[in-house]
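Heads up, the next two complexes both have chain A, just with different partners, chain B and then chain C.
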Partner chain A sequence: MGTLCHYALFDLKPAFRLDLEQLAVRYRELARGVHPDRFADAPEREQRQALEQSAALNEAYQTLKSAPRRARYLLAISGHEVPQEITVQDPVFLLQQMQWREELEELQENADIDGIVPFKKRLKAAQASLEDDFAGCWDNPAEHEQAERLMRRMQFLDKLGQEVRQLEERLDD
Partner chain B sequence: MALLQIAEPGLSPQPHQRRLAVGIDLGTTNSLVAAVRSGLSETLPDEQGSVILPSAVRYHEGFVEVGAAAKAAAASDPFNTIVSVKRLMGRGIADVKQLGEQLPYRFVEGESHMPFISTVQGPKSPVEVSADILKVLRQRAEATLGGELVGAVITVPAYFDDAQRQATKDAARLAGLNVLRLLNEPTAAAVAYGLDQSAEGLIAIYDLGGGTFDISILRLTGGVFEVLATGGDSALGGDDFDHALAQWIIEQAGLPGDLSPSAQRQLLQVACAAKEALSSAPRVPIAYGDWAGEVSRDTFDALIEPMLARSLKACRRAVRDAGIEVDEVSAVVMVGGSTRVPRVRQAVGALFGREPLIDIDPDQVVAVGAAVQADLLAGNAREGGELLLLDVIPLSLGLETMGGLMEKVIPRNTTIPVARAQDFTTYKDGQAAMMIHVLQGERELVSDCRSLARFELRGIPPMVAGAAKIRVTFQVDADGLLSVSARELASGVQASIEVKPSYGLTDGEIARMLKDSFAFANVDKDARQLREYQVDAERLVEAVRAALQADGERLLDPEEREVIELQVNELHALARGNDGAAIDQQTKRLSQLTDAFAARRMNSTVKAALAGRNLDDIED
Partner chain C sequence: MAYSEKVIDHYENPRNVGKLDKNDPTVGTGMVGAPACGDVMQLQIKVNDLGVIEDAKFKTYGCGSAIASSSLATEWMKGKTIDEAETIKNTQLAEELALPPVKIHCSVLAEDAIKAAVRDYRQKKGLL
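Let's turn to the complex of A and B:
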């Protein structure tokens, strides 16, 4: 099981569109079967296997649950392993990135807690639209470059979401 | 001939024969033991009918006293009576010195880094003291249940780090208990509530005990308890309320600040009694020494307000980490004796917009939940479907990388068990060993995180810098305990350690680390940037010097060489300073300056290869 592809583990065909509710249900079923709690009294070898299988299942679930991680994984298993650190040419998005950042900095400077709510809403909408675009092109070899670009945009917005959370934390005093 | 029936491990040979297992809440102030009997989980009383065992141990010559009698002697025999030992678990001597002002014990250094307390029975480690408490609970359980225990589930604060968990497990082993699982206290409480009320949805567990505070957000679905986020402050509890009130009494009574250990204990007992009385009365009289006065609930509420605010902030962070909104939480459960304080209940209720649940005794709920899981782990199947607990790690785990930076390998709130690998490479040509430094915390700089362990990977075969691929694997098991292994992929050289550190994070440190990781996010960013510039600069200096030595005379004229050497030395000097911009600028200048040299070296290599000769031949 440890070497199975994340999708196969969940008995799914590789796809970007996933029913997350269903994925969660399937995850809980699978976790029930392999969790170390079920093997607390078993021989050590079985305990170790349960540990490894649970860890593999958790990793697969974490990957499939998150849109950017799922997108990266899909590209990797379809033969387009994307290096983590390289920046690609995407001048259109670069401009958008700068705008997002400027706005976030402004929210921070003005300690604008109320302004975070609409910001998050727009961030969510932007993420949803990127996901739609990615779903429409990732499995088309001709559009592979576009798919990679979209995946990187998704990663950026995901990171931005984390920064929003950190900002909320700093403003929460 | 009769065949022996051999039951599979975990399966009881006869359905009516239960395998005895207990849940133990090893608390800062009180400890309890519970077991499932006739399908019901309940705490087990002692011979006097009391279920609560005060976590106090008094060492006499020749015997040990645990519980209420020991607690009563805390003021008269402060050096031999140990209370709140949980605060010392998994700590080093240096950590304990920080707590020192509040602790009347005489510490001595032992063989390990663990602090030992000097008593009439000789030096005692916190692990041994905890084991003495656990022994009493084990004997009580075996006497009540009428048999030997298969094992026990021991609860720990969700916010306990690796060292504190390991110390707890060691204490249980020392007490002769087979540890079936270390279970997070809020999760145990959720089990007790979830089963009772067959609840579904999102629940928040607010657990304020004697010395620790935890907040966990869980999703309950068909018997599966999935922890979405956990947070807390392992230096926050009812003890701190007592200290605040004691300080107030000192001020009111005009007493000197430095009381004797015995007087200090006495004062804390007076404060604690007043705190408890205030839960049912609006004002209570206090008498300490010659001083007599009165404290009102308003005064007390004002004293604890800063601590309460800290706990609420941790709640909001856990809600954010769980990726939910406060109003999605459908139930709030109160756990721990300190949630009896009316102001605490009121503030938590206001935050979540709903009345907190207090149906199950907040002192007993953790042990009751732990017993349910113990029963299950021992192989006694429960009616009405099995429950499954999916917990998380409370603090990020990572490694030290170049320039003193912490690289997170497993972020906090990741579901356990988890195994994650990260690849690293060598920094210098022919580098044969690599130091692996394992850290826990949320800050970016190593010096701001807690060091868990260091180990060395030796015997890496000689390769050029960057060619070796070292894969470091972190594994956290279902107890939340970490093990780390490292392997060089090309050669298969392996090094592995069980991360068993001699000390853990101080309470204050953990809380501060998390808090700081947000407050200092910007400072960190600058510091990180500087380190990156320094590392880049050092790399370039090293590379250019190596190139000069190899090919400087052959490919450069003396003037060119002099200029490059000058600039290398300049960069080398700058890289030791703190001016990031200057380092960056000089790095770029040197890099530009050596471009042509690098191109010549490349050409000469290519030419040599084309000519079918190697570089050594050209040297002649």
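Let's turn to the complex of A and C:
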């Protein structure tokens, strides 16, 4: 089961566009079925199997529910496995990232809670546009370099989103 | 994770933080990023007629090890020729900062930033 494709575990065909709410519902259903508690009295072999299935299911869910992780996984299963740690040279995009980080720093220095709202809006819009672009090109072998570039950009924006959430928490305190 | 004393020193007192004028023909800019951790690093050098790096600045958004690696890189580059600076290896940065294995990629990012800055300078000067 560990070797089964993440999508197959959810009876889905590989695709970038996913209904995340439906995925979450499906995950909870499936997770119940392999929950270790249900196998407390079962033979050891079955217990171990349930544990493995539960871990595989969790890994699949964590991968599919995150846009950058799902994107990287799709590239991998379509024959373009790319390393996790690499250096990206994407000057225009990185310059914009740096500007966004500077803005975020300013919001933090000024404890500008209201300023976070429009910042988040822009981030969301940028993420949506990256995801549209990726959905339109990942399964075209001629465009896999572009697809990887878009996936890397998603990774940066995902991280930026985490920073925004952390800042919100700090300012809420 | 515990940072080494040298990383903490560079993190708390980073050397050469700032920016140089990108449009200055004697300035080379290297902009690199590590997508998995979201780190963004800009390293800039100002080079004189003899090919010696007179000034170096960096701006890094990332973890302590990434900041320390870029800070140390600018320190080492100053006073070197661009040819010498290009030979700085990530392993030297990592050793000096006593980076743990999981943070080696931060020193790789700094080495890549050095190379990108030198390449940008050469491109501007028509040396490539």
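As a convention for this text, the second predicted complex is superposed on the first by the 173 of 173 C-alpha atoms of A that agree within 3 Å, B and C clash if a C-alpha of one lies under 4 Å from a C-alpha of the other, contacts with A are read in each partner's own complex, and residues count from 1 in each chain.
FYI, contacts are C-beta pairs under 8 Å (C-beta built on N, C-alpha and C of every residue); 3 or more make two chains touch, one makes a residue touch a chain.
None of the values given here were measured: they were computed from a predicted structure.
When both complexes are superposed on chain A, chain B and chain C clash. When the two complexes are overlaid on their common chain A, residue A:E169 makes contact with chain B while staying clear of chain C. Between chain B and chain C, more residues of chain A are touched by B. Looking at the shared chain after the overlay, A:M98 reaches chain C, while chain B stays out of its contact range. Shared-chain residue A:E145: touches no atom of chain B or chain C. Contact with chain B, but none with chain C, is seen for A:F39 once the two complexes are overlaid on the shared chain.
When both complexes are overlaid on chain A, the residue A:F156 reaches chain C alone and has no touch with chain B.
Shared-chain residue A:D132: touches no atom of chain B or chain C.
Overlap of the chain B and chain C contact sets on chain A: empty, with no shared residue.
Contacts from chain A toward chain B in the complex involve residues 24, 28, 31-32, 35-37, 39-43, 51-52, 54-56, 58-59, 61-62, 165-166, 168-170, 172-173. In the complex of the two chains, the chain B residues touching chain A come out as 9-10, 150-151, 180-181, 221-222, 224, 226, 313, 316-317, 320-321, 373, 376-379, 386, 388-390, 414-420, 475, 477-478, 518-519, 521.
Within the complex, the chain A residues that touch chain C are 84-91, 94-95, 97-98, 101, 152-153, 155-156, 158-160, 162-163.
Chain C makes touch with chain A in their complex at residues 31-38, 40, 42, 59, 61, 105, 108-109, 112, 116.
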